[in-house]
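The structure follows.
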Amino acid sequence: MRGLAFDVAHLLAGSLVLVSFMQLYQDRLSALINTFALHALVLALSVAWQAYIQDAPHLYLTAALALVFKAIIIPVALQRIIVRLGIHREIEKVVGVGITMLFGMGLVALSMVLMLRVTAEADPLAREDLAFALAVVLLGLLMMVTRRNAVSQVVGFMSLENGLVLAATGAKGMPLVVEISVAFSILIAFIVIGIFLFRIRERFDTIDVGALDRFRGERT
Amino acid sequence: MNFDAITAILLIPLAAAALLAVLPGYRITARLNVFAALLTCLAALTLLFGRPQAGAYFHVDDLNNVFILLTTFVGFTTSVFSASYIGHELESGRLTPTFLRFYHAMYQLLMFAMNLALVANNIGLMWVAVELATLTTVLMVGIYRTHEALEAAWKYFILGSVGIALALFGTIMVYMAARPVIGEGLDAMVWTVLVQRAGEFDPALLNLAFVFLLLGYGTKVGLAPLHAWLPDAHAEGPTPISAVLSGLLLNVALYALLRFKMLLAGNPGALSPGPLMVTMGLVSLVFASFMLYRRRDIKRMFAYSSIEHMGIITFAFGMGGPLANFAGLLHMGMHSLTKSAIFFAVGHIAHVKGTQKIADMGGLTETNPVLGWGLVLGVVAIAGLPPLGIFMSEFLVVSSTFAREPLLAIPLVFGILLALGALFLRVNSIAFGEPRGPTMASNASYVPMFTHLAIVFLAGVYLPGPLVTWLQNVAKLLG
Amino acid sequence: MALLLLLYCIAALFAAGVLGIAIARRSFGRVFVYATSLIISIITLCSAVSVLLGIAAPSSLRLPLGLPWIGANFTIDPLSAFFLAVVALGSAAASLFALGYGRHEEMPERVLPAYPLFLAAMQLVVLAADAFSFLLAWEFMSLTSWALVIAHHRVRENMYAGYVYLVMASFGTLALLLAFGLLAGAGGAYGFEAIRAASPSGELAALVLILVLVGAGSKSGLVPLHAWLPLAHPAAPSHVSALMSGVMTKVAVYGFVRIVFDLLGPPMWWWSVVVLVLAGVTCVLGVLYALMQHDLKRLLAYHTVENIGIIFIGLGLALAFKAYDMRVAAALALTAALLHVLNHSLFKSLLFFGSGAVLGATGERDMEHLGGLIHRMPQTAFAFLVGCVAISALPPLNGFVSEWLTFQAILLSPDLPSWGLKILVPAVGALLALSAALAAACFVKAFGVTFLGRPRTAPAEAATETDHFSRAAMFLFAGLCLMVGILPGLFIDALAPVADRLAGARLPVQSTIDWLSLVPIAESRSSYNGLLVFLFIAFSGSLAAFVIHRLASDRLRRAPAWDCGYPQASPATQYTASSFAQPIRRVFGTVVFHAREHGEMPPPGDMRPARLVVELRDLIWDAFYAPVASGVTFAAERLNRLQFLTIRQYLSLVFSALVLLLLVLATWT
Amino acid sequence: MDLALDLAVQSAQMLLVLALAPLLTGFVRKVKARLLRRQGPPLLQPYRDLIRLMRKEVIVAESASWLFRVIPYLIFAATWVAAALVPTFRTGLLFSWTADLIAIIALLGSARFFLALAGLDVGTSFGGIGSSREVMIASLAEPAMLMIVFTLALIAGSTQLSTMAGFMVSPAVGLRVSLGLALIALIIVAIAENARIPVDNPATHLELTMVHEAMVLEYSGRHLALIDLTAELKLLLYISLIACLFAPWGIADKTAGGLALTLGALIYAGKLAAGGVLLALFETAIAKMRVFRVPEFLGAALMLGLLGTLLLFVSRSF
């Protein structure tokens, strides 16, 4: 049972990293958003599994939150936004896929190395989990950096935050996990609403963040 | 829990926020705002006489007591300033009554968040509080709804959120490090417990955690290269918020950082956090000093000077040791007071001149002597000239550093001199020379500004004994 | 209890300054502030002198101010008493002068509050006995004087001058701060007593010396740190210029002496080499710069640079002798330097008063627009003439005495064991002689062009004698110049305790020598008697006059000057300041200033007159200051791009910082 | 008794120098004239000139100030005092300790300072040209002179003329490079200081080439007489300075009796004559140089003086 529990958790966490890579690979927004939904789904599963093996019922709440909010509501919302903006099949990258992937590999390796320095007596589950979570976080950040479009940056941020939730749930018996995940969901809601805001008031004709420069101060 | 000072400084702002959110009318709300801030300040003062013992969620020790007093006091004076400021905004129509209500509510909410972050004994709770503070300020920065304001808010928001995320990751890792030692559950996040047993934690995890915390909370502190949000947020938001941001929020974030630094210091196996902080401090200092030269917007300029001073403070705490820590604490307090005073002045100046562009200001000491000399005095203070408080702290930092690490003192001195040059280059053109630009009458109250400057001056020449011993204890605490 | 009284005086000055803010605009404001400063300065002077003469005992005091665990310590010992006396004397005269001169002030509200604070700050520096109080007073002195420099803030040049001044001053203060950091050590023992107790080791002490040289040098105007001085000193109101040039630079010298001779422990011989070289260069360059000026006050400011060089030559010699434990010689050199401190404060203040009187009477600082003032302002002219003779180191006035003593000290150099110094010191002596001769040339120009000849402009034509307060101040100092010149023995004896304390020996008592002549070491070696020289000249001069008027003729006829057949040549045909300096410019300027002169011929048909254009370049500015300025501008320009990145780029900054730190962590063991 | 004698000697010297000065100038003129196969003015001509000028009324320019009238007496007094302190025929004069060599030079310096001011006082361009060139020359001559003083003072270990003269006759001196250099430098300086050819020509009145004469162009009558007398005194002073420093033989010392004194006086007269002849020879042999060659001329003197000082440390080690 112990071994199985470990393997499944390991599997789920690993697949989360994999999905992160898939996200990096996507270059169309709609596809990207779908991949993110998958990302959220896997997260929900892994959280649920953690809830099961730690028999910590409150974690189910987090899982449900992840499932409903991130895997369904947000993607749908984003899809509608990009459709309304007519950028759903826009290809926007700063760096080529190949390089991004390579860099991502490097990040994963880095996080592994860092985690292996941790003494093994911290139980392996948490340790591996944390390694993957770190990888996911870094990949999410990488995504935010390599994408020019606000929507994909939001997606990147959310996958980063998924990594956090993974880590938090992996941390056995950590208090406030639910609160934190709720707080983050609110944060994300803010961001999405922010995008809506920019869209609704006809100020920024595209929400490409690069366009914001026109309004940066001191440019004369 | 029984009603004590902590509850007071948390509940008063919260209740006030709720109340202000619904109350209409500028006069009442402004008054109420001031009143609530005053009450909070008084409640904080009672902490000097009796402190409730540490609970699982809240605690007060020498360290955060300093910060609480500072925060509540500056919060109060700023609310006084904001009363006169916001009135003008309302007349000039930059703010609508609804937004005004929202503004006051947010102000109190911010106060609550900061107090919470300060008294929190639980690192998770502290994180939540800092996040809350960030969000409220984001909303206030964007309150004018101009392109620039929204853009600044958006930038602040995104960078802030990333910072928050990193900080959370660090917090989680601290928990992971603590759990094997302390055991699962709440205790592993209670700071007082953590610091006692920090020695047994897994060093590698702690290091990793600190890196994330440094970057996460460092974003809020505004250390280069994480500073990007700070100048625009200061420049585009309402001036009271700039004052609170520079004077308080940065300190709160730094306070959080210090807490974790103490954890690491308690662990022999972990890397010493000093070098990291020293490096980031110096980078911020020199970078900000250079950035000061090209500024055209007066508020953005002083925002950069805040970065510079945060650099100095971080450097001081990074150096450690009784002298440097003492200097760091002193500098922190002096900087909050001075910088907020400067922003008070700047707010009025912006009203008088109807612009924030330095190019459109000139000869202020002639057109508005009180305001002009107030600004000059503030700049003199912030540039570290005697006989004001920052001179003392910079004296201690520089001299003690040069005695210990001569090579580190060189860039420090260089940065300080550079900043002084830039600041006076600008203040010369603002306060002296032929009067430039329009001049409207200002019905501002200069009381808050000069109160701060008076305190800074006093501290520069005379520090009361109890305060000194207190700060020295804190300095010891910081190791 | 002299010290307590002094501190009360300082407190009173502070009060006067604060009160000055309120009453500056009132009619009695000026009188109140300056009269208070005058009275307080006199009290300070008396108590300082009493300590110097040993009537009141040296004492220390600790106030619960400043750095909490050290407090604000104040001490008055012979050294600080001497400098305090110089400060107080200068302040008193300046206040007296300002009682009248202040009438010309159009912005009293910017001068009156800062003035007493400036005085108080200078006195505090001299009394401070711990690093914090010292630096606080030091920097406060810069700050208040800055406020005075930019008093007339509508003039662009003044703002620029103030800016350069403030930056340079803070630069110096930071250097001193570092020096004290070294002296105090990581423990932060900032008290002078503690520092004295723990005298630092060799190279550490050397580092301190360099830092102090930078710190005190930048305040006193050692080349190449002098750039601010000729900008700032003329910009201030004249009585403040007098204080800055005559007194504040001396406070800087005090800082140097206090740290290097008192706190730093035994010197090494090569320290003196550094000091001597800098000093020699300073005095020659200073006077050469001065010769090129035709702005009266700026010319005087550059002469301050020169005289600081002379003082530092004395100090350098004292260091050299002290390093080899040649006590008497060290005492001689130190006494020479300190006496020159007093002398320079006397005649430089006097000269600035004179220029102030001229400025008040004509509104002109440019000598090319003056001339013939001796007819309209005879008393001012006389006082100014005395100052000119004194600063040109001509007997029987005081400037000569101190330079003569310096020469005597130089003549002791063969006894130095180190060959480097044997060779160097006479060379420095040559520089000193050169600068003395050039100074004489320069003041022939200054006095001749300003006061002699025929008025060149209408304002000079319409000038009237200045008020009696100003004249009183000027004649007071003129008298003192003469007194120090003819009775130097008394002052040298007063300096004996200082020399005793710092050099470990004292000169023979002078006041007991018959005819009150001055014998530094032995009469067979060298002696000088200003009194007799003065009397002889007076006697033989009047004798000649008497005899000639009696036996020959005393008839006199006024007639137009010999005009070579060109009747009524206009005053413009007189020699101007620049044409007077032209031969010297051709001799020295081509090297030092890359001076180029070329005639500007307008094309045929153009009615413009042909002009002679002279181009001078300030090599020191080009070499030291311009690069720094352009470097900072360049860096600021480049870094400024970071203000205009997109959010994504900012994120990537954060991201790269994170990755970097993680990599560090991964590689860290 | 002793004091009285000293006093007598001192005043005797003062009168002597005053009396001899015009004679020396006349002598030099005479010798020059003879060298040029001219008859030349009689030896006593300078006295006649002085007396004539004294009698004349003074014409002062309208723009001249009180300073203009005081200065002649002032510079005369300063120069006379200086001359009175140089040992001529007897060392250890009563007041010799009043001013050492440096002070004497400084006294001459003050005289020049005021003369230059006088040049500027009337406000014509001649005076200006004269003064500006005079101070330019002085600004090089004085340091050179001080370097010479350094050399001698470092050798003699004193700046007191009596002591130096005493040391110079003593066998301790020996023959030194430095002394030679110093002598040459001193001669150059003396020529410059006394406005002789090749630096300046006392005889000419071609404005653009002259220095000293241009400066005093506005002076007349007794003032001019005093200035001329001062110039003659100065010449005498320099020659006797050279004599007392480099040819101190025969100078009577403090203890000497009447015979020795008279002997010293005669020897002194001889020295003056020799100096005059040499000067005349030199002046006839050489041509006046352009004004801006003068700095090089004097710069050479300065260099020689400095070199002499530095060489001391080499040549001393015998």
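When the chains are written out, they are named A, B, C and D in that same order, and each has its own residue count from 1.
Please note the rule applied: contacts are C-beta pairs under 8 Å (C-beta built on N, C-alpha and C of every residue); 3 or more make two chains touch, one makes a residue touch a chain.
In this text, all values refer to a predicted model and were calculated from it rather than measured experimentally.
Compared with chain C, the chain whose C-alpha mean position is the greatest distance off is A. Nearest to the common centre of all protein CA atoms is the CA centroid of chain C. As a whole-number value, the distance joining the C-alpha centres of chain A and chain C reads 69 Å. Rounded to whole angstrom, the centroid-to-centroid distance between chain C and chain D, based on C-alpha atoms, equals 35 Å.
Distance from the chain B centre to the chain D centre is 78 Å, each centre being the mean of its Cα atoms. Chain B and chain C have CA centres that are 44 Å apart. Looking at chain A, residues 114, 117, 141, 144, 153, 209, 212, 216, 218 sit in touch with two or more other chains. Those residues of chain B in touch with two or more other chains are numbered 154-155, 158, 162, 208, 231, 294. If touching chains are joined by edges, the resulting network of the protein chains shown has some other shape, matching none of path, cycle, star or complete graph. Those residues of chain C that touch chain B in the shared complex are 64-69, 131-132, 135-137, 139-140, 143, 150, 153-154, 156, 159, 162-163, 166-167, 170-171, 174, 177-178, 180-182, 184-186, 188, 190, 632-633, 635-637, 639-640, 642-643, 645, 647, 650-651, 653-654, 657-658, 661-662, 665, 668.
Looking at the complex, you find that chain A touches chain C at residues 94, 107, 110-111, 113-114, 117, 138, 141-142, 144-145, 147-148, 153, 209-210, 212-213, 216, 218-219.
Put simply, chain C touches chain A in their complex at residues 643-644, 646-648, 651-652, 654-655, 658-659, 662-663, 665-666. For chain D in complex with chain C, the residues that touch the partner chain are 51, 54-67, 69, 73-74, 76-78, 80-81, 84, 95, 97-100, 102-103, 106-107, 109-110, 112-113, 116-117, 119-129, 131-133, 135-136, 138-143, 146-147, 150, 153-154, 157-160, 163, 217-218, 221-222, 225-226, 291-292, 295, 302, 305-306, 309-310, 312-313. Remark: chain C residues 371-372, 374-375, 378, 385, 389, 392-395, 400, 404, 407-408, 410-411, 414, 419, 422-423, 426-427, 429-430, 433-434, 436-438, 440-441, 443-445, 447-449, 452-454, 515, 517, 523-529, 532-533, 536-542, 544-545, 548, 551-553, 555-564, 569, 571, 573-575, 579-584, 586-587 touch chain D in the complex.
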